[in-house]
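Going by the order they are written in, the chains are A, B, C, D and E; count residues from 1 in each one.
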Amino acid sequence: MPKRIKSRKSKIGVAPGSLIHVGEHVNDDVKIQLISYNEDIFNKASYENIEKCLSACNNDAINWINVDGLHEVEVISSAGKRFNIHPLILEDILNTTQRPKIDIDNNYIFIVIKMLYYNKDIKEIESEQVSIIILKNYILSFQEFQGDIFDDLRRRLEYNKSNIRSKGTDYLAYSLIDTIVDSYFDIIENIGDSIDEIEDILMSNPSNEILNDIYKFKRELIFLRNSVWPLREVLGKLVKSEYELIDDKTVMYLRDVYDHTIQVVDIIETYRDILSGMLDTYLSSISNKTNEVMKILTIFSTIFIPLSFLTGIYGMNFDYIPELKFKYGYLVFWIITIFCILVMLNYFRRKKWL
Amino acid sequence: MPKRIKSRKSKIGVAPGSLIHVGEHVNDDVKIQLISYNEDIFNKASYENIEKCLSACNNDAINWINVDGLHEVEVISSAGKRFNIHPLILEDILNTTQRPKIDIDNNYIFIVIKMLYYNKDIKEIESEQVSIIILKNYILSFQEFQGDIFDDLRRRLEYNKSNIRSKGTDYLAYSLIDTIVDSYFDIIENIGDSIDEIEDILMSNPSNEILNDIYKFKRELIFLRNSVWPLREVLGKLVKSEYELIDDKTVMYLRDVYDHTIQVVDIIETYRDILSGMLDTYLSSISNKTNEVMKILTIFSTIFIPLSFLTGIYGMNFDYIPELKFKYGYLVFWIITIFCILVMLNYFRRKKWL
Amino acid sequence: MPKRIKSRKSKIGVAPGSLIHVGEHVNDDVKIQLISYNEDIFNKASYENIEKCLSACNNDAINWINVDGLHEVEVISSAGKRFNIHPLILEDILNTTQRPKIDIDNNYIFIVIKMLYYNKDIKEIESEQVSIIILKNYILSFQEFQGDIFDDLRRRLEYNKSNIRSKGTDYLAYSLIDTIVDSYFDIIENIGDSIDEIEDILMSNPSNEILNDIYKFKRELIFLRNSVWPLREVLGKLVKSEYELIDDKTVMYLRDVYDHTIQVVDIIETYRDILSGMLDTYLSSISNKTNEVMKILTIFSTIFIPLSFLTGIYGMNFDYIPELKFKYGYLVFWIITIFCILVMLNYFRRKKWL
Amino acid sequence: MPKRIKSRKSKIGVAPGSLIHVGEHVNDDVKIQLISYNEDIFNKASYENIEKCLSACNNDAINWINVDGLHEVEVISSAGKRFNIHPLILEDILNTTQRPKIDIDNNYIFIVIKMLYYNKDIKEIESEQVSIIILKNYILSFQEFQGDIFDDLRRRLEYNKSNIRSKGTDYLAYSLIDTIVDSYFDIIENIGDSIDEIEDILMSNPSNEILNDIYKFKRELIFLRNSVWPLREVLGKLVKSEYELIDDKTVMYLRDVYDHTIQVVDIIETYRDILSGMLDTYLSSISNKTNEVMKILTIFSTIFIPLSFLTGIYGMNFDYIPELKFKYGYLVFWIITIFCILVMLNYFRRKKWL
Amino acid sequence: MPKRIKSRKSKIGVAPGSLIHVGEHVNDDVKIQLISYNEDIFNKASYENIEKCLSACNNDAINWINVDGLHEVEVISSAGKRFNIHPLILEDILNTTQRPKIDIDNNYIFIVIKMLYYNKDIKEIESEQVSIIILKNYILSFQEFQGDIFDDLRRRLEYNKSNIRSKGTDYLAYSLIDTIVDSYFDIIENIGDSIDEIEDILMSNPSNEILNDIYKFKRELIFLRNSVWPLREVLGKLVKSEYELIDDKTVMYLRDVYDHTIQVVDIIETYRDILSGMLDTYLSSISNKTNEVMKILTIFSTIFIPLSFLTGIYGMNFDYIPELKFKYGYLVFWIITIFCILVMLNYFRRKKWL
């Protein structure tokens, strides 16, 4: 949890708009990649320096600048100056504890979104913040770590298979968001499979660990919901309002992603309901089992404790215990014993304990 | 669950609008049926090829094209081209993991709805996605599997009993939706009967299996609600807004289906409330039973354990135990014993344990 | 439950507007009563035939046609034709599984409402559907069974005590609804009394049956809420909008019924909260009791089991047990025993178990 | 409860607007008090007769008529006729089971509000209905019982300390409501203190009675919320809309009471959350204790039951038990016994039971 | 709790607008600090007397008057008269039990906000009410106690590092609120760390104290939410509406704080969900443990109680017990004993208890 439901490092007294990186520090270099394209051209290049990258941009094309790594504050501040981005926006990019949000300005749209990965080994969701700034001919994307899920998209851009190169930055932004939302379904499928397994165990032979598993997935779903739920609002805002930067035709596509987001939220809520139901069922089944155990103990005890008392009596060393002298005393003892056992067994059978 | 709360197969990096069938694959051929009708004519024919079907359409009549089976992507793409359907819509038809939705375009209305069947053998709800596209003179319906519940509707169309043939595609679409929603009541009735049975068992002799049954129906109801709840929105949108394709007179009918949908949702919520109440009651009744079992054990133990101790004392082999020599020792022992038993019984009676 | 949370008999494939009676079938004849009144006249007559009744109507007066029994479909269909009622409305009248609803047409308002009776013997609420159609000079009311709670209203109409005869159909409709809503308070009072009784038992000596009682009333309240909650919407619609058929002065009265409905819903929710609180309290109190029982068992066992072991030792028949030969062996045994008992009692007293 | 969550006595069939007193009957006389004041004059007088009181009113001043006791229906009906109040309003005044409500007419505003008292002896909230009618120069207030919390307000009016005498009926009405809402804080403080006590007990030594206390305060809070929550709506309506009778300057004051009401509701919800948390904690702590008790029982039993079996063996009277003849038999027995005890203790220590 | 979920001291009958300090009384002197600044000048001075402070204000600069301590009512009333503040506002400043609120007047904006501190020793949140009044050239802030978190802000003002001195009172107010909201993240981080610790204990070895910890943090979160939730509304109002006193450019900054507030509320709700999940898990794990304990007890008891009975039989002193005379009686006894033990062990192994 500490790493995932992160809160901002306390920045009390720091001037707003001050650029401070809040997040996991990595040692990798910041990697800057520029893809310039239109229907005719496609250029892909990597830079270590933001200035060079900016000067390499092609004004006749759409320029997608992707920055991997946020720990070099100057990169963000240079880009911010170049495109006249509000300092608070830059602060938001650097602060990786944002919830998904949208900020709309006259000449750009700023979107924060969470890229999620499912770590199958520890069965935990890992999160990376992606910030996207949509401008007229530029699109800036900022990621925390190197390596992402946009490679297929880059290939589609390069090999001209799709009509994506004839469209604007809004469509590219849509493609980025769509890719991320699509990846959510992957996570959900993984969690769904795990929940199925838990359910099978619950139905057959619920062990102790099931409890921790239920708790764990409940928490993963809370985390997932927190990452996806605000995105619904973000996309809803993008779809409902009218902005110059967003083409009418792209709105149709954005509505599609919006629908997917709702679907994801729906499934998350369903899974949470199911997990809650499981916990209730588990608790009841444990109570049930305790009841069963108690019955066995009680049956044995109530049969044998009185009989042991009986044996105790005739084990006493009183000088005068007349029964001990009877010839058939021992036989009568056994008759009484067996009679008692039968009476008790009958009693328990009538109580449906047996 | 895995088959029912399906999530989209992960399609990361695939271009939006790419037609890929997401769902259960079947080996049957795709079956295409065309029904052309107006007040005078009625033609019904089956085709294996979408092109032939499309060329057989009668422009003076209303043409209902029903496609059973989604695994031949070309069928959907041909129909899409012919009627100028947006690629994202076609993608939605092929992806059978949609939640019920509506998309309204200038010249068509697209509706996704879930056809549900109750499998009495395994007491589970099974689901099939139906997509309906309403155009001016055409209505396209896409189903996952062959065989449906529209046969009565077809008969009504053919034998002219009803006034349905004098009406437009909007009324036919209404009839399709109405048939599906009516079938929901059937499922609800079946579940209601099962819940009644569970309740009877709960009240008389709650066994262990009741727990799994409650859990199971809780899950079925979650699944059912997820299929019906979004339909409410879909129909609400259809009823409230004004579209050229929907006649004012049909709106009255659609409002009727809308009411039915709300009724279904209502009953589902009621059943969920009842099941939750059952689980609480069951848990309390188990605790209660454990308490009863404990009381029996405690009564027997507290009476006989001290007495056994007493017998133990006089079973000891100390050389000098004066009581053993007393003439009435054994008699006194019994008097003490019976006195103890009476005191304990009285104690338990005052505690209302007996 | 099966009789009360009824769902529509499955009518898949039946044309919408087909008149089929869905509900409990009764053998009584359908009883049709006509009351014609204005400030001067008052006529009350019963008919077995709807045509005769319709022809007996007085166009200068207000005509209240009350139909008891829905199993003769022709009655409803004749009335429907005469007053030009939409087939779907007629279908709704016949289907007694409706939730309270309102449908507003140009020349009539259609209201479905639930008349509820509290059966004190089985402590269950019984329900009867009442449909009311308000027209300019006519009011039609349809009930499932004979006998109702409108007799006082009829008497007020007849003996001219109130000013009701000088008012229109809207005021009569209000009077009908008001009478029904007033009867809800009666039911609530009965349930409230029962809940009081349960509470007294809960506080003093919670027995096993209390659980079933709590569950039962929880279910009755769910049923009651389902009958009353939608009525709130119905009346809200009637109050807020402006219809020609509803006089401005009557709106004031309708708002009063609306307030009462809210009050009923409020009390229902309060009772549900209280019952939930009771169940929680009961569960905790059972756990508490089990804990008490366990303590008693544990006190007795932990005191006497070790002592029994001690007696067992000196009851052994080893040839050489030196303690047995000691003169004061038996005395020492008792001293140890009493010491052990005192230590244990002290231990339990410090643990606050005694 | 029966006295507090009162429902209307069933009045089925009674004409709406019929004046019937619904509430606790008291034997006191109805007390009518008239306070006439403006900046210059202040007259206070009591009457037994409403007519005399009405004729004593001063048209140049603001007249506050306060009626204590509702069982004399004529008083209310006379006042109603004099000020032209709608019969339904009069019915509402007499029916003391109202929830707080507001009714706005052309020439008056009618407000129902609950005056609450905390009875420290039985730790229960008692309720009295206050109805206020605001007219141009008149303010009518109706209370169920004699004695109220308005004495300070009367003193402020009389001794001219405040500027209240220069203001209209709206400000007086505000003062009445403000006084009542202020008194809610008193109740909340009392309940808060009790909850603190319960919490202390819960944390230190939760006894059985805590359960009933939690349940009791939960119920008191439900009752309190039901009395205060609708008041929020009432005041919200008064603040948001524009009425001739309410001066713009008074709205500022009303908004202040509105804020206080929200604050009360907030605290109530907080207390309910806390009580729920307590119940959960209590239930868990009981389970915990049972677990502790069980552990003690199990430790003693598992140590001594096998050992008792061992003593039993060597207490048997078989002719040939070789061990009994061994010289060191008894010594070996003790060694085995102590070894067993140590093994078991170690086992429990490793299980962290000790 | 009593100190934190404070309710207003009962002020029934006190005229509205009466200035009475409601809160913790402190003995410190009231400290008044004036900071006058614009782009050129910066003056900081402390006063013991409000009149002197007011006369020292610089009309060409922005004057920030900060009052520490509310127990000298005259200070507030003098300031109120000077700036023409409504008496109800002054009352609100003095009453430290307010929830965060906003009041907007023609010439000033009044904001109540809670400054929170996390006391790590007792792991409790402590609260201090801060009231801010924004005027054209003046900003008044009132705090309960001396010492605050605004020192960094004062330093930024003084050393001209930031552009804050070129902006108006709205930006200073924003800076104050921003500082407070930033400090919330600090508290949340502390609580988050504690929750992590609880979780670790829960997963490994849940002890009894964990229950009190969960309860305690649940309560702290309720308290925190109550302090932050209304702030959301306050800022929402400030952001959405248009006021002369708030510059358009500052709105962007306020929206940023608004986002942070939502983020805080989000995390609080997440933590509450997690704590609830923990409690459920804990309860289940306790039930589980009790079940385990019961199993051990039952295994030992059901094996040895019947065997003890057997030894009891052959410990009896009947004159005639034939088995005792058998040569291999003792051997047979052991064979039977071991057989019984093996049967029981096998039984428990099949039941998966071992």
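Things worth noting here:
Keep this in mind: a residue touches a chain if its C-beta (ideal position, glycine included) is under 8 Å from a C-beta of that chain, and two chains touch if they have at least 3 such contacts.
A quick map from chain label to UniProt name: A, B, C, D, E = Magnesium transport protein CorA.
It should be emphasised that the depicted structure is a prediction, and the values quoted were computed from it without experimental measurement.
The copies chain B and chain C differ by a rotation of 70 degrees on their C-alpha atoms, rounded to the nearest 5.
Rounded to whole angstrom, the centroid-to-centroid distance between chain B and chain E, based on C-alpha atoms, equals 41 Å. One inter-chain figure worth recording: chain C and chain D are separated by 26 Å, centre to centre, where each centre is the mean of the chain's CA atoms. Multi-chain contact residues of chain A, defined as those touching 2 or more other chains: 283, 287, 290, 294, 297, 301, 305, 308, 312, 315-317, 321.
Viewed as a contact network, the protein chains form a single closed ring in which every chain touches exactly two others. Order of chains round the ring, counted from chain A and going first to chain E: A, E, D, C, B. Residues 1-2, 5, 7-16, 86, 88, 97-99, 101, 103, 205, 208, 211-212, 214-215, 218-219, 222, 226, 279, 282-283, 286-287, 289-290, 293-294, 296-297, 300-301, 304-305, 307-308, 310-312, 314-317, 321, 323-325, 327, 329-330, 333 of chain E are the ones that touch chain D when the two sit in their complex.
Chain D makes touch with chain E in their complex at residues 149, 151-153, 155-156, 161-162, 164, 174-175, 178-179, 182-183, 185-186, 188-189, 192-193, 195-196, 199, 203, 252-253, 255-256, 259-260, 262-263, 266-267, 270-271, 273-274, 277-278, 280-281, 283-285, 287-288, 290-291, 294-295, 297-298, 301-302, 305-306, 308-309, 312-313, 315-322, 352.
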